[in-house]
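Below, chain A partners chain B and then partners chain C, in two separate complexes.
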Partner chain A sequence: MANQPLLAIDPLGRRLVLAYLAVAAAVFLLMMSVGLAMRLGQGAMLPLGADLFYQLMTMHAAALVGACAMAGAAIMWYFLSRYVRLTPAVLAVNLATFLIGAVMILGAVIIGKFGAGWTFLYPLPAKSGGQWEIGAAAVFMGGLLVIGTGFLLLHLDCARAILARYGSLARGLGWPLLFRGDDSDTPPPAVVASTMAAIANITAVASGAAVLGISIANLYFPEVTLDPLLAKNLIYFFGHTFVNVTIYMAVIAVYEILPLYTGRPWKPNRVFLAAWTASTVFVIVAYPHHLLMDFAMPHWVLMVAQVISFTSGIPVLIVTAFGALTIVHRSGIRWDVASGLLMLSMFGWAGGVIPAIVDAVIVVNKVMHNTMWVPGHFHFYLLLGMVSMAFAFMYFLNSEARSKDAGAPVDGGLDRLGLGAYLVGGLGFVFVFLYSGQASVPRRWAAHMPEWLDYDRLGALFAAFVVAGAAVFVLGFLGRLRGLWARA
Partner chain B sequence: MTRRPLHLSGALFAVLALPPVARQLESSMAGHMAVQVPLLVLCGILAFGAVPESVRRRLAAWDRHGLVGLGLALSAMAYWMLPRWLDAALADPVVELAKFVTVPLLWGMPLAWAWSRLGLVGRGFVAAHLVALAWVLGWFYANAPARMCANYLLEEQQTLGSALLALGTAGALAGLLRVVVGAPRPAADGQPLRLDGTHVLGNH
Partner chain C sequence: MDQSIAWQLSLTLVAALAAGFVFVIANARQRRDYAPVVHRAYRFRARLFWAIVVLGVPATVFTLSRIPYPAFAGVPANVQVVDAIGYQWWWELSTDRVQAGQPVEFRLTSGDVNHGFGIYDENLRLVAQAQAMPGYVNRLVHTFDRPGRYRLLCLEFCGVVHHDMVAEFEVTP
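Now for the complex of A and B:
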């Protein structure tokens, strides 16, 4: 790889990255507390009632997916802008659209009482049974549309900058080295990952915009019907891809930060590039694993999806985990909260993918889907994988700023305690989900049978630890924000 | 300044305006909306190629990013996409004339202008939304139980819907291919500006 000099980070861009993180951090803490309330509600320790439970569930999922996207975008922008020239104005526009969309979504849920789930599966938004008005559903889906539009702009700007520097997105994925062995201008991992994120999310958002537009139109013209299976395909094409891309953006933190700790650069080789190219295709075509229960789907599609799901996340996961281990192994790495969270995130991502793959096997899926197994696996890689990367990045920004001073300690005992609580609580929380799934407890039930309450209460206990750990991270970051802002 | 685009545009326009051609295309809803109107837009786009550099420079002075042009083109598009105007064009020669004049002039030319000013982000943004719009409209026409136009049958409306869905899909695939393969040479303006030094954290 030609050693390229790094670009200086634009001061406005740096502040915007901080703003993204502040928004994401606040949403993480708030909505994790909402999750705790839901778990308590299922455990009959908090009288939520079904209506409120579903409103909270809708808000929890939509807001956290959004916050993950914001945190992932912050990480991507921060590091990608060292290699290509991004446009801070676009970053600002995406922040504005995100905030507008978030207000719409929160308003639709809190004021409009919308509770059809963040997946807005047709025709549920239009058939509320009197719980919410059509307008609330329209505002909720409109909010998703506004947020998607902002991300479309952001990814387009990344694509533009990568095109300007590398000439094509194929080069951004490192194809010259991958296919021709030409290592003269191989992009760094941050560029490869951002290229993948752009391709996947531009495609996903375009189809998401279509299905959201159709669903909103359908609210007002109910006589124009929509094939529910087609709607589900489009929604999961969008939702699955959008959620996965949050991880593919955030993992850039691992590629960029771990090498700084050990002084060993992360050089993309052919295996690494092959994995990213494979995942670029697979992440887009793996979504039918959400439709394994839909017997009307063509059978071959489901078979293909099953095989692809095995391979979808795996290539990138393996090269990343393996790369991280080689970088860390016997490096005498200094363990602090940032590096600890990064290693936890690798484990969380890898650990969460295993039950996900188990669930993508058709025979297993027939039994496990719609049980707590599913929230078990996705909380595993989102909570312990994705969100850990985001928190690690927040600590990293602080230590990066501090390292210019006289090697001051960057995190204290409280932060380490927080890491412990987050780790223990997170693992316990997801394993209780997985265990209850295995015991056939259904997902998305507001009220639980008496024999399930023990799981729920244990889960709530662990969740409380997660919230406590997250509170340390989030409040600590928000407290340091002014200092970081001033330095930017 | 080459006159070629103008000739092409004029020829295309003349063919489209021939009464038998117009009648033939307008006899079906898909021919009217998915063939004739897009070709009229193309006339405007081609004609824009003949606009001299000096005029373009003057235009650029007050519409640097092409956003005014884009707004104009999208407004004209929204107007001519309303089924009732297609109906009216069949019944009323004045509306028909207005269509033949305004679609190239207020939709095609401003679109070409805007496209020439927009960067990749703007183009991608517009393209993605047009694809999504084609899908939404395609779905709508393919599934609406009632006729939107008095002059066309329900079946024709459904054909148009399928045509729009296919158009949207083709556009999406073309766009995806275009960005992945991209331009063959790395452009120079992406070169790093100044050195920042590598900063290394940690214990060594």
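Now for the complex of A and C:
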């Protein structure tokens, strides 16, 4: 890798990154509390009622996926802008579209009582059975469309900047070193990951926009129809990819911050680049594992999906998680909340991949699909993986700013207590989900049978710990925000 | 059966992963040169990779040989056919009585939105499922080993009464 001087991060960009994180942090805390309420509702300890439960479920998922995307984008932008020239105005536009879309989504759910799930599975938005009007469905899906458009612009700007600096997306993925052994201008991990995110999300958002556009048209012109199986493919391609890309953006924090803590470089080598090129393909073609119980799908597609889902775990486990362990092993690392959260995030991502792969085995899926096993594995890598990366980055920004002064300790006993609560609560929470999944408890049920209530209550207890830990992280970050803003 | 294998396998692998993390975290404070650490780690990683391949390939072949799609399983001549149509929020079944020990072919579709046809036994254990979607007929073939009252729980979110979309049928000896 040629040593290039780092670019300075644009001051406006810095502030926008802080704004992204502030929005994400607030949503994390608020919507995790909503998740706790849902778990209490399932445990019959909080009388939510089915309509409210499904509204909350829709809002929880849409808002948290959005918050993960915002946090991931903040991390990506912050580090990527040291290597290529990004446009702060595009970052600002995406913040604006996100806020507009978020207001639309919240309005559709809270005022319009929309509750078809964040996956808006066609044709459910048009067939509420009386719970919501089609206007609410249109506003909800319109909100997703607006948010998607903002991210499309952001990824396009990243792709443009990478093209300007490296000449092609293939070079952004480090193909000269990967295929020809030419190490003269190998991009750093942040560029490789951002290139992958751009390729995957531009395709995903295009697919999402298509199905959202037709679904909205269908609300008002029922003669505009869509094949339900095609709609399912488009929706899950969009949803699967968009959610996964939040992690692929956020993991840049691990690549950038662990080297600072350990004094060891994270240099892309051929294995690293092969893993990222493979992930670029896998993330796009793995989505049919959401359709394994759609027997009308071509069977070879589903069988390939099982194989791809298995192989797609290998880069995560063998390259990124293993790389993190290698860089930390006997490194003399200084443990604080940021580095602790980074380690937790690696464990959360790699650990969540395991039950995900197991569920993508078709014979297992037959008895696990749409049980609690599913929220079990994705909360594993989102809550413990992705969100831990976001919190780690928030602590890191603070210590980065502080290290310029006296080197005072940046986190205290309360923060460490928060980390403990988040770790214990998070593990307990996801394992209760997984355990109830193997006990056949269905997912997305507002009211549970008496046999299942104990799981729900135990899950709620652990969830309360998660919320407590998250409250420490979020309130701490929001409290320090003014100082960070002033220094930006 | 498949559930407990999946659970135990996942638990074991996550525990192994956790052990790796604990080991590294426990040894992280002392500082050594990076080069030998990397050297040993890469050697270990290569072994890990080959272990995954060597275990993964037969596991993949084995599990794929057991896939539940009727085109592969084959539908025998003595099959009992049940037509099931999902509606918001009930199941319309052509019969609510089938015989144990003989294969049943459920022909699943929907009159409105996507539903999930989840077959639960008397212990509330999921024994098989498939999606029921408008415009398509999904064929699910299952042989009931044990007689009894089985329940159908909806396994695809279909609106505000999704959790109450439950039906029953009898498997006779």
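Details
By definition in this document, the second predicted complex is superposed on the first by the 485 of 488 C-alpha atoms of A that agree within 3 Å, B and C clash if a C-alpha of one lies under 4 Å from a C-alpha of the other, contacts with A are read in each partner's own complex, and residues count from 1 in each chain.
In this text, a contact is a pair of C-beta atoms (placed from the backbone, for glycine too) under 8 Å apart; a residue touches a chain by one contact, two chains touch by 3 or more.
Remember, predicted model here, so these are calculated numbers, not experimental data.
When both complexes are overlaid on chain A, chain B and chain C end up sitting side by side without clashing. Using the contact criterion defined above for the overlaid structures, shared-chain residue A:116 touches chain C, although it does not reach chain B. In the superposed three-chain model, the partner touching more residues of chain A is C, compared with the other of chain B and chain C.
Within the superposed three-chain model, A:332 lies in touch with chain B and with chain C [touch as defined at top].
Within the superposed three-chain model, A:438 lies in touch with chain C and out of touch with chain B [touch as defined at top]. Within the superposed three-chain model, A:159 lies in touch with chain B and out of touch with chain C [touch as defined at top].
In the superposition on chain A, A:267 makes contact with neither chain B nor chain C. Using the contact criterion defined above for the overlaid structures, shared-chain residue A:482 touches neither chain B nor chain C, since it reaches no partner. Legend: residue contacts after superposition of the two complexes on their common chain; A:8 is shown touching chain B, with no touch to chain C.
Centred on chain A, the angle reaching out to chain B and chain C in the chain A superposition, using CA centres, is 100 degrees in steps of 10. Aligning both complexes on chain A leaves chain B and chain C separated at their closest CA atoms by 10 Å. Common to the chain B and chain C interfaces on chain A are residues 332-333. Within the complex, the chain A residues that touch chain C are 50-51, 54, 115-117, 121, 123-124, 127-129, 131, 227-229, 232, 264, 293-296, 299, 302-303, 306-307, 310, 314, 317-318, 321-322, 325-326, 328-333, 335, 343, 346-347, 350-351, 354-355, 358-359, 361-364, 366-371, 373, 434-435, 438-440, 442, 444-449, 451. Those residues of chain B lying in contact with chain A across their complex are 119-121, 124-125, 128-129, 131-133, 135-136, 139-140, 143-146, 168, 172, 176, 179-187, 189-204. Listing the residues of chain C that touch chain A in their complex gives 2-7, 9-10, 13-14, 17-18, 20-21, 24-25, 27-32, 34, 37-38, 41, 45, 48-49, 52, 56, 60, 63-64, 66-72, 88-89, 112-114, 116, 118, 120, 124-131, 133-140, 153-164.
The touching residues of chain A, counted against chain B in their complex, run 4-9, 82-85, 87, 90, 152-153, 156-157, 159-161, 163-171, 185, 198-199, 202-203, 205-207, 209-210, 213-214, 217, 221, 223-226, 257, 260-263, 332-334, 399-400, 403.
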